[in-house]
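Take a look at the structures listed below.
Shared between the two complexes below is chain A, which has chain B as its partner in the first and chain C in the second.
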Partner chain A sequence: MNNEKPILNVEDLTVQFCTKKGTAKVLNGLSFSLRQGEKLGLVGESGVGKSVAAWACLKIIKPPGEIVSGKIEYKGENLFEKSENELISLRGNEISLTVPRAHSQLNPLLTIGRQLMNAYIAHSDLPRREAKKQAYEASINILDKVGIPDPKNRMNAYPNELSGGMAQRVVIALALINKPTVLIADDPTGGLDVTIQAQIIELLNKMVEEMGTTALIITHHLGLVAQHCDHVAIMYAGQIVESCDTETLFASAQHPYSKSMLSSVRDTGDQWGPEFILPGRPPNPMELPGGCYLNPRCPHATELCRSKEPPYVDIGGGHIVKCHFAKEGGVEYGK
Partner chain B sequence: MNLLKFIAKRVLIFIPQLFAVLLVTFLLIRLIPGSPAEAMAGSFATDEVVAAIEEKMGLDKSLTTQFVMYVEDLFHGDMGTSWYTSNPVTKDIAQRFPATLELITYSLLLAVIIGVFFGLATSFRPNSIGARLGKGYSLLAGAMPEFWIALLLIFAFYVTWDIAPAPLGRISLSISPPKTITGMYTIDALLTGNMRAFKSAASQLVLPVVTLGLCYSGPIMKMTRTIMSDVVNANYVWYARACGLPTKKVNRYVIRNGLTPVVTFIGVQYGYLFGAATLIEQIFGWGGIGQYAVSAVTNKDYAAIQGFMLVAALFCMIIYLVVDIIYYIIDPRSRA
Partner chain C sequence: MASDNGNIVLEVKNLVKEFKAPGSKAVVHAINDVSFELHRGETLGLIGESGSGKTTVGRCILRLIEPTSGSIMYKDMDLMKLSGKELRKLRPDMQMVFQDPSNALNPKMNVENTLLDTLNIKAKLSGEKLDTDAIIKKVLDQVAMEEDYRLRYPAEMSGGYQQRVCIARAICADPTLVVLDEPTSALDLPVCAGILDLLRRLQEELGIAYIYISHDLTTIKYICHRVAVMYLGEFVEVGSIDQVFNTPMHPYSNALMSSVMVPDPTKKAEVVTLEGEIPSPINLPQGCFFAARCPKATEECFKNHPQMVDMGGGHKVRCYRVTSE
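After this line comes the complex of A and B, so read on.
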């Protein structure tokens, strides 16, 4: 294991949404950490709590969600102990977020230039006039960098005048304008055409490399992870079920859920045949099964899996699997 | 430049719209059973007398001829003569339109202030005193008919405490109205520096304006609250928070984006009030255009009805145009 201190460390994060219909347990002891300069891919199906995790890293939980327990440490300091003002100066400045479906994420009444400048000015200590001047320069600069042609004129464009790909680029520009330390890219390819997806990924990768940003890429797109991430964490029902470096995952994933994900995508290698695909869907966060959350879908489930939550086991070289059958060297199923 | 083009386009559409309103009104009022000539002549008149009156009024001609004549007159600025007041309709309207305009403008202003304030309070500070007052108020507002509120106010402030003037018109009988410039007494009085007239006109306005303001602030408040609660949770507002924009700035996003649709709603209410203030005009002896229209309809006063409809239509069109211009300026999506 790498002993370097993580720059962002999420530990045992539990988030619940209390509604009239019941309590949805969206994150259930989510833990992962990001080291300086690393690119971590957080992978899971829709509805496993990926976006909630992304927003939680900024300590923003949309109501009626609540953080029940856990902590998030940024550079060793717990975000949950910080004041709202401290958090505001952190958001978009040190830790940034990009969001999918960019059109609805941009204020429809303001030009993209105005929105970029607002984001810049919000984190500038300079007197207003100078901050504005700098913000203008910085905005044009970042628009140019994210590949928006004719940035000077485009500053005056409104979000509704942009294509989906362009809007996504603007969101990336918004997230990167203050040169953050950590970038959280929530589903950066969501809602985009395949060709545009490739462009956006290329762009994100280029920007992150150039700026030396530490990145958390949240996606269901395994191909993207294979190409660009150093580490992968597979998420299921608000928990990490397996985490290791990217090559290890593609070569020898251990958790049945990871195997299922790998085999449901092409181009992940011949060894991931359709026999690994699990039946069923992720559980409803209001009615999580007892024991291991995967047990109703898992062909290897035993009485133990139905009654007891599995531990995290390091099977060697920092390859962590959350399964009762995981032991040093791999997973061996019993009877 | 684009804005000018936009306005020009809209104004051009006014012409067919007004023409359609004119035509439909013209035909519809002639569907009211009974001839106005009969009404004028009285119940004992012989057929010959009625026919003579009809001829004088031009009602013996074909509908087409009548309509063409009316439109021709309109182009010369003549809206015909009211059979009931025997004044030219233009003169009647010029006198009554400013009265109503003055009343409903102040009323709407009051309604907007109350409605938007409470609407914002309930959505931004749901636990504040303002918000609680607002919630209680929104339950009451709309539950009571406006004429009833008017009578209550008159009873309390005029009859019981005698701090409001008698509900008899737009200015105290002992004070002569200010010189006519706009026709709106408060404004004319201010323009001519006639403070005595201003005071009287303003105090006459208080009760009817409060009545209408109270009634019409309810819907504005509910509208504001609904829209605000949507906008507070809009994706772009959350994303603005994620970008670390200070709370003040985020709130400004919410207010600006949320009030845009409220502008439309207020515009619609303004147009609506134009006719809906009639009851209040009646109670306060206002002599407004709504009263004029009602008596015109009951008296089958064709020219007066047509004149009212024309003015009402034009008024609404101008209001909607202004709303659209405001929209054009603040919402880029409307420019497509």
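After this line comes the complex of A and C, so read on.
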């Protein structure tokens, strides 16, 4: 489809958390790629490893978690081969992350102005005094851009003086102050009211357009994906099970799990009726089933599904489905 | 009046609730003059942003918190005038399902004991003998839980099943009214869908009236018959789902409806974004509460407070710009 080189390419990423109770296999060969200027929605239920994928993109997974295998290429260079210093200059500067539940993630002891300026100064080569000066200007500028009224005075506000929507804006401002190439927005609308959600998404859209930023939006809000993402990747048990452009997914999703997700939104009309809903819950990452991870819940599962991991199949037009029954043109279930 | 129409389960008139702000003499006006009626087997949805007073309305109706003034007619009785003892007799009839199921269940009681607790109280209050074992069996079947869940404790169940227990607890006393306070907000998408279907089916089977409180418009649209839009402690628009979702009149409902992100990429919505946030309920604005954020506000809106006006077909709206046209 698009032969342009991806700006961020995640390949076969495996992340495990070794705990006392056993090894939790959170990401199991996750692969996806982000092209310049696109918005990719990463969708899945809670506990499928969406946030861990975001952390891995910045290599900020802390023990007991470890990246077992795989690679992440940013502009053609493998992030995992870079030194910690190189990574530090990358984080928050070229690849930034906005965290969910903004309120609890801001430092409660520092004014938001100080937090913004710190983020700017950390990536500035100028002598400290000048950097500070510029940081002040840049902070006011970005606060104004994210729609915070009276930015000059708000610089002195502490996070507890902000409402949820405002705190989320500050988190977005923090992520964008250094004009990153890639923005990873982890659940940007979680816990916000609908009107505020609309404001935040409009803001993200505007920023992505103005700065030419590429965005990875992690969410379980399918409405947001439908309205604002170019591509979608559906995640299950640490893998992408289906990825395609947004229109294709909503019109003709193929993977049983994607269908189940779509049918759980009671506003998608008759096409995705309740009959597609799968019973059960995502597997415990410590006790993953053999073969296809969905097989205990899938009504079409056969002996093959229980014994062998399904391949990724391109069914046409870059629509990729991870299922044994996927072939050119769609998914056909056998007996 | 309620007595004229046997179909009306609940009639709330001019409900007001004020809280004292902690540490100062200021008064928080949580609910300002809310009136509505609820019919048998009907679901009324309450929507609005956080801080608009949805939950407070739900709790005041059951007198879980004491309203400041107003009347709540349940069948023929004014709940506001009942003593604690009389009210307790009515409790089995009016149930509530809370937001977070893991906090709403007693962690030391298994499913059977949780339900027994409710049933024993009901039996004691009404003086009749209940076949508790059969009722528990029936209720678990109604909420689609297997028999072996009976002896499980809340910690041994997923969020979806915990919420089912909460619903089972609410319906086992055979209520006529259930207040559902964001019953799906703590749940994952597919689980949430299952709970919604369950609630719908129970209503069809048992004819329960629901008050469904949520800020998730998609679920409201799916489960409710009528909906009331709340803003700063008052209703700004009331009507059927069709009226409010398809032809919203109040500028606030309009903005609210347009900000719903429809899960259909072919329907790109024209979003009316609102500036700012909900004002403080301590210093209520003088005129229309919404005027400061309203794109259509005129001088009149800042001076006088609009009243609820019926625009026909039970579609009521509180806005000068709509009613004067």
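Some points to look at:
What we mean here is this: the second predicted complex is superposed on the first by the 333 of 335 C-alpha atoms of A that agree within 3 Å, B and C clash if a C-alpha of one lies under 4 Å from a C-alpha of the other, contacts with A are read in each partner's own complex, and residues count from 1 in each chain.
Methods note: a contact is a pair of C-beta atoms (placed from the backbone, for glycine too) under 8 Å apart; a residue touches a chain by one contact, two chains touch by 3 or more.
Everything quoted here is computed from the prediction, not taken from an experiment.
Using the contact criterion defined above for the overlaid structures, shared-chain residue A:Gln197 touches chain C, although it does not reach chain B.
In the superposed pair of complexes, A:Leu126 makes contact with neither chain B nor chain C.
When the two complexes are overlaid on their common chain A, residue A:Asn93 makes contact with chain B while staying clear of chain C. Within the superposed three-chain model, A:Phe250 lies in touch with chain C and out of touch with chain B [touch as defined at top]. The partner that reaches more residues of chain A, of the two candidates chain B and chain C, is C. Of the two partner chains placed by the overlay, only chain C lies in contact with A:Ile277; chain B stays clear of it. Residue contacts after overlaying the shared chain place A:Gly165 against chain C, while chain B stays out of touching range.
Interface residues of chain A facing chain B in the complex, by the touch rule stated above, are 55, 58, 60, 62, 84, 88-93, 96-97, 99, 101, 104-111, 118-119, 122-123, 158, 160-161, 171, 174-175, 178. Contact residues of chain A toward chain C in the complex are 45-46, 149, 163-166, 193-199, 201-202, 220-228, 246-247, 250-251, 260-269, 274, 277-278, 281.
By the touch criterion stated above, chain B contacts chain A in their complex at residues 233-236, 238-247, 249, 253, 256-257, 260, 330-333, 336. Of all residues in chain C, those touching chain A in their complex are 49-50, 158, 188-194, 196-197, 215-219, 221-222, 255-256, 258-266, 268-269, 271, 273-274, 276-277.
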